[in-house]
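Presented below are the structures under discussion, each in the form of structure tokens.
Here subunit A shows up in two complexes: once beside subunit B, once beside subunit C.
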Partner chain A sequence: MRSKGGQLAPYGMVAPYLAHFALITAFPVVFSLVLTFHRWNLLSPMQWIGTKNFSAVAADPLFWKALGNTLRFLAIHIPLQVGVALVLAVALNQRIQARGFFRAAYFLPVVVSGVVVTILWKQLYATETGTLNAILLALGLDRVEWLTDPRIAMPAIAVMATWKNVGLYVILLLSGLQSIPRQLYEAAVLDGAGKVSQFFNITIPMLNPILLSVIILSTINGFSLFIEPYVMTGGGPLNSTLSMNLYIYRQGFAFYKMGYAATLGFILAGIVFVVVMIERRVIEQEYP
Partner chain B sequence: MASVQINNLRKEYPNGVVALHDVSLTVEDGEFYVLVGPSGCGKSTLLRMIAGLEEITSGDILIDGVRINDVPPKDRDVAMVFQNYALYPHMTVFGNMSFALKHRKIPKDEIRQRVEAAAEILELGEYLDRKPRALSGGQRQRVAVGRAMVRDPNVFLFDEPLSNLDAKLRLQMRVEISRLHKKLKTTMIYVTHDQIEAMTMGTRIVVLKSGIVQQVDTPHNLYKNPANQFVAGFIGSPAMNFFEGALDDEQTFVSPGLKCKLPESIALLFGDLPGRRGVVGVRPEHIYDPAEAGNKDVASEIGVTIDVVEPVGADAYIYFYIGDSYCCMRVGADTEHRPGDPIQVCFDAGEIKLFHPDTGDAVTSA
Partner chain C sequence: MRQALLKGLFYTVLVAGAVTFLYPFFWMVLGTFKPEAEIASLRLWPSEFTLHSYRAVFSKIPVGRAFFNSMLVSSLITASVLVLSSMAGYALSRLTFKGRDIVFGLLLFTMMLPFQITLIPMYVLMVKFQWVNTYQALIVPGMVSAFGILIFRQSFKSIPGDLIDSARLDGCSDFEILFRIIWPLSKPALITVGIITFVNTWNDVLWPIIVIREQSMMTMPQMVALFAVGGQAEAQVGNILAAATLLAVPIIIAYLIFQKYFIESMATSGLKG
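On to the complex of A and B.
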């Protein structure tokens, strides 16, 4: 028979992880779920209001605005991100000079602080003093109000976010490209397939699992859009860059509507889940 | 169908490694030509150069008399079967077999007709809608062969196509590919490191070593009359036994642990060798127990102690040392010899081979 200490040892070993999981993951999720049914401003006691937070969301024009902005951001960001990452990965998979340098260079922005990158791009985008407009002027073109024109601000942020994150997806796709057996391309060459046919008939289908991961990660990261509009535009102009996460943050920490912010958070999580499931279904049908 | 001519073909990699040294070969129209040799001998490189997958450093490749060095792979009209099948995993068997035909803009009806005809020959008819992952190794290999077949190419290239299969399937596919060659009568060039495959399938065999052609001959001639010690040791399983030594004044071959009176026909050949030194080679089936040698003309008896007895079904192999040489002798499966037993052995005098001690070339009377 094992001693009492011996029986307790396994529990002792998993206890640190369980404590970490309970405090950092389980408790916030459960607590915020409880919050969705309450009104709470951090100072007064929580007040039960049933499903009023959910009905308020449905009637909140800024929620719909923020959701629309986020989806607009994703519509630009995901194709741009995946497209650019794929092109770069294919290029970096060729036998080019200084390949290691380029791989590191594209990955560098990923490890640089988001705030630093955003401040840098704010300077690039500045209407009067920005580098981009200086180039346009030098080419004889007009200035563009990158961050102050409501039609352009969100696409400008999407381009910046792509630049910031593309290195990570390049590495993922590069690893996928390198795992495609060379013989498949050789067989295709003998079968008469040109470069374009090889790309669509071998590269893309063989990259499918990685592409799915890249698209899902891009989607989840895209829905988390916060630092860029917070630092660059504050959600403006005319709320055109107000993202879901920025709106949630404002409700919680500017207006102290903790219950409402938690409700928005749960709704956002639900939307992310649905969108990812749709993406997965579509891609798997296309390239099973 | 087509003949393939290779003239002074050389392959040198940028790092200076030479994979092929001025190889010249002629593959006749409709021939089953086997390239065999140990790993790294350049046989796959040669095949890939014929396919157009590897750059040619110098020399020429001609198909039906036309130089194809600068012809793109797709226009060479060669089809290749790869070692790991190289099937497109996301396509069905039909998709795999029809891929090349689609790129050649062949009408859909004809594509279906050709794929179904090939599938019938290869017994793949019921698997056309399956993906490669749902097939066994043998079926995948047949799909790879089918993919090549539907193109009706001038030349089939096989790059160790059976090496991923288990022993039973390998035997089955060996027979199937030979049967296919008889049926299609197309020129086939087949790369393998397995000398049994080479011997059983090839109409002619090229033995390569370190990028140099050692011998080109029929399987029978390679076995009976090897051009050098390498070919003699590579072709035949278990390998030929070798003894390095010299002939004394009484026509006795003396090697560490071995004194053997050689027949006059062999002893005379030592006259041309430096210091009457030479390497004597004897195949395992040409070493006998003197009691079982019957009427055969045998060289002198040698006393040995059995190290290992290895039954292999129809036969058994007995291993023992003669001096420093570890030797193998083939006997009947019903042998009663056991490890540790002292026995007498003798060589079949008519089957003894002699090789030059320095160059390894065969020394013959002709």
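On to the complex of A and C.
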């Protein structure tokens, strides 16, 4: 059926999106690519330097440090997140009272600003006055330098990030658990399979597509780690919590190295893409 | 016997989880009413309630202005996303036109594009437009959402074609069809997109930190983050917690009221995103 506005009406409907796309997506992507071949501080004219930005990144110890830190963060954050989410989702999936309350409680940190969560945990982690160390002392243990020991600061941030996000993944896994047909478990019981065997032979394989989404989402979100180290540690101690995004932010908006920061952005995007591809490949091979 | 034991184990896990997720928030909110010396102690309830932390925050930073900025920016972006994204979603789901598949392709491209690629050139754009330290810089980049378009497109597909056809015979334009007929039938999609857009905009902090340097134009998360990092809080934990509470409370209240919608909406965005 022809619409009353004639052939132009559909274009009127998508025009705002297209204009927005041109300004906020297409132009920046192209310009970002141009920037990677230039040196520019926003004030003096842009200077063509070929691929020097890329070779500078490869030789930049702080880039490797930031990349290593971010990967270290992911190596702790993702398994912790999947493990905790799985335990809580399985517990929520039993016949229990007050399921709605528990769900809502676990989800609360997800909706609250990362700035609030970071401020809160910075106090909990404080060496002299923090609640965590007060608990350790009460148990007769020694204080831990959560945010001032370079070996511990990044794992501490990874634990906090898990606390902040895990509620979302609990909900995703719970809806996955609820969609597994009861008959599968009933058949397994008839075959004499115990609870543990049911979990590994039915639950995990059936949850696989959602587990994959959870892992990929955590990876993408994890690579955007910024405000947590920005507020908590400023990237320290000894750059041990300098994340990729924090480093890009510094190069771009503290040192105004536009070309170099754009190059870092491209490289990071490429790394995210490769890591997600590897995860997808590995998981699909393990559980086809 | 084993059943009961297992059940007890599950409840232990669930309750331990609830304490872990809720205790820090209680500690934070109650901490804002404690005298400074008491905050570090394990004791949760204040010996006396005082408002000195809040008074200090309001006297040190223009937090009311930041609250207004955040409300304004989040509301305008949410309204704009609902209108403009539903328009595109309508065209993509209910109208046929040349280039429709291309538009859909652009949409998927936008969804998959990591923001790290566009961050630097977006800032350059804001500088060239002289939009640094303005509302435009905070609002314009968020005015349409690719995610919103996809949700609307999906939702509008299920509306019966007869309804739209008969409205058209009655002489309704596409705009009237969208806003008078489709919108009232699409409340779940509108709520989903509305909640996600508002919460994400309210909580966003990286973009404001980049394009806003003047204190009077700052949003809540930005001002609170800088207050916590910078010297203004004078290492008074009570002040920092009070600022964080002011930032958290509007979203927490909305969450307590619309809890079910929040969880469903954000779970949808998790799977689609």
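One rule holds in what follows: the second predicted complex is superposed on the first by the 283 of 288 C-alpha atoms of A that agree within 3 Å, B and C clash if a C-alpha of one lies under 4 Å from a C-alpha of the other, contacts with A are read in each partner's own complex, and residues count from 1 in each chain.
Quick note on the criterion: a contact is a pair of C-beta atoms (placed from the backbone, for glycine too) under 8 Å apart; a residue touches a chain by one contact, two chains touch by 3 or more.
None of these values were measured; they are calculated from a predicted model.
Colleague: Between subunit B and subunit C, positioned on subunit A by superposition, is the outcome a clash or a fit?
Modeller: Subunit B/subunit C on subunit A - fit side by side.
Colleague: Applying the touch criterion given at the start, work out whether A:N208 contacts subunit B, subunit C, both or neither, answering first, second, both or neither.
Modeller: So A:N208 only meets subunit B here.
Colleague: Looking only at subunit A, is it subunit B or subunit C that touches more of its residues?
Modeller: After superposing on chain A, more of subunit A is contacted by C.
Colleague: Where does A:S224 make contact in the superposed view: on subunit B (first), on subunit C (second), on both, or on neither?
Modeller: So A:S224 only meets subunit C here.
Colleague: Report for A:W64: first if it touches subunit B alone, second if subunit C alone, otherwise both or neither.
Modeller: So A:W64 meets neither subunit B nor subunit C here.
Colleague: With the two complexes superposed on chain A, say which partner A:E186 touches: subunit B (first), subunit C (second), both, or neither.
Modeller: first
Colleague: Quick check on the superposed pair: does A:W48 touch subunit B, subunit C, both, or neither? Answer first, second, both or neither.
Modeller: Touch status of A:W48: no partner.
Colleague: Is A:F200 touching anything from subunit B or subunit C once the two structures are fitted on A? First, second, both or neither.
Modeller: Touch partners of A:F200: none, neither subunit B nor subunit C.
Colleague: In the overlaid three-chain picture, which partner chain does A:F255 touch, first (subunit B) or second (subunit C), both, or neither?
Modeller: neither
Colleague: Measuring by CA atoms in the overlay, how small does the subunit B-subunit C distance get, in Å?
Modeller: Minimum C-alpha separation, subunit B to subunit C: 12 Å.
Colleague: Taking the stated contact definition, name every residue in subunit A that is touched by subunit B in one complex and by subunit C in the other, in rising order.
Modeller: Shared contact residues on subunit A: none.
Colleague: Applying the document's contact rule, which stretches of subunit B touch subunit A when the two form their complex?
Modeller: 51-53, 73-74, 78-80, 82-84, 86, 88-90, 99-100, 103-104, 147, 151
Colleague: Could you list, by residue number, the parts of subunit C that touch subunit A in their complex?
Modeller: Residues of subunit C touching subunit A: 6-7, 10-11, 13-14, 17-18, 20-22, 24-25, 27-28, 31, 39-42, 84-85, 87-88, 90-92, 95-97, 100, 103, 106-107, 109-110, 113-125, 127, 140-141, 143-144, 149, 165, 168, 171-174, 178, 199, 202-203, 205-206, 209-210, 220-221, 224-225, 228-229, 237, 240-241, 243-245, 247-248, 251-252, 255, 259, 262-263, 266-267, 270-271, 273.
Colleague: Which part of subunit A faces subunit B closely enough to touch in the complex?
Modeller: Listed in rising order, the residues are 181, 183-184, 186-193, 197, 201-202, 205-206, 208, 287-288.
Colleague: Mind pulling up the subunit A residues that touch subunit C in the complex?
Modeller: On the subunit A side, the touching residues are 1, 3-5, 7, 9-14, 16-18, 20-21, 23-25, 27-29, 31-32, 35, 42, 87-88, 91-92, 94, 96, 101-116, 118-124, 126, 128-131, 134-135, 138, 163, 167-169, 171-172, 175, 195, 213, 217, 220, 223-224, 226-227, 230-231, 234, 244-245, 248-249, 252-253, 258, 261-262, 264-266, 268-269, 272-273.
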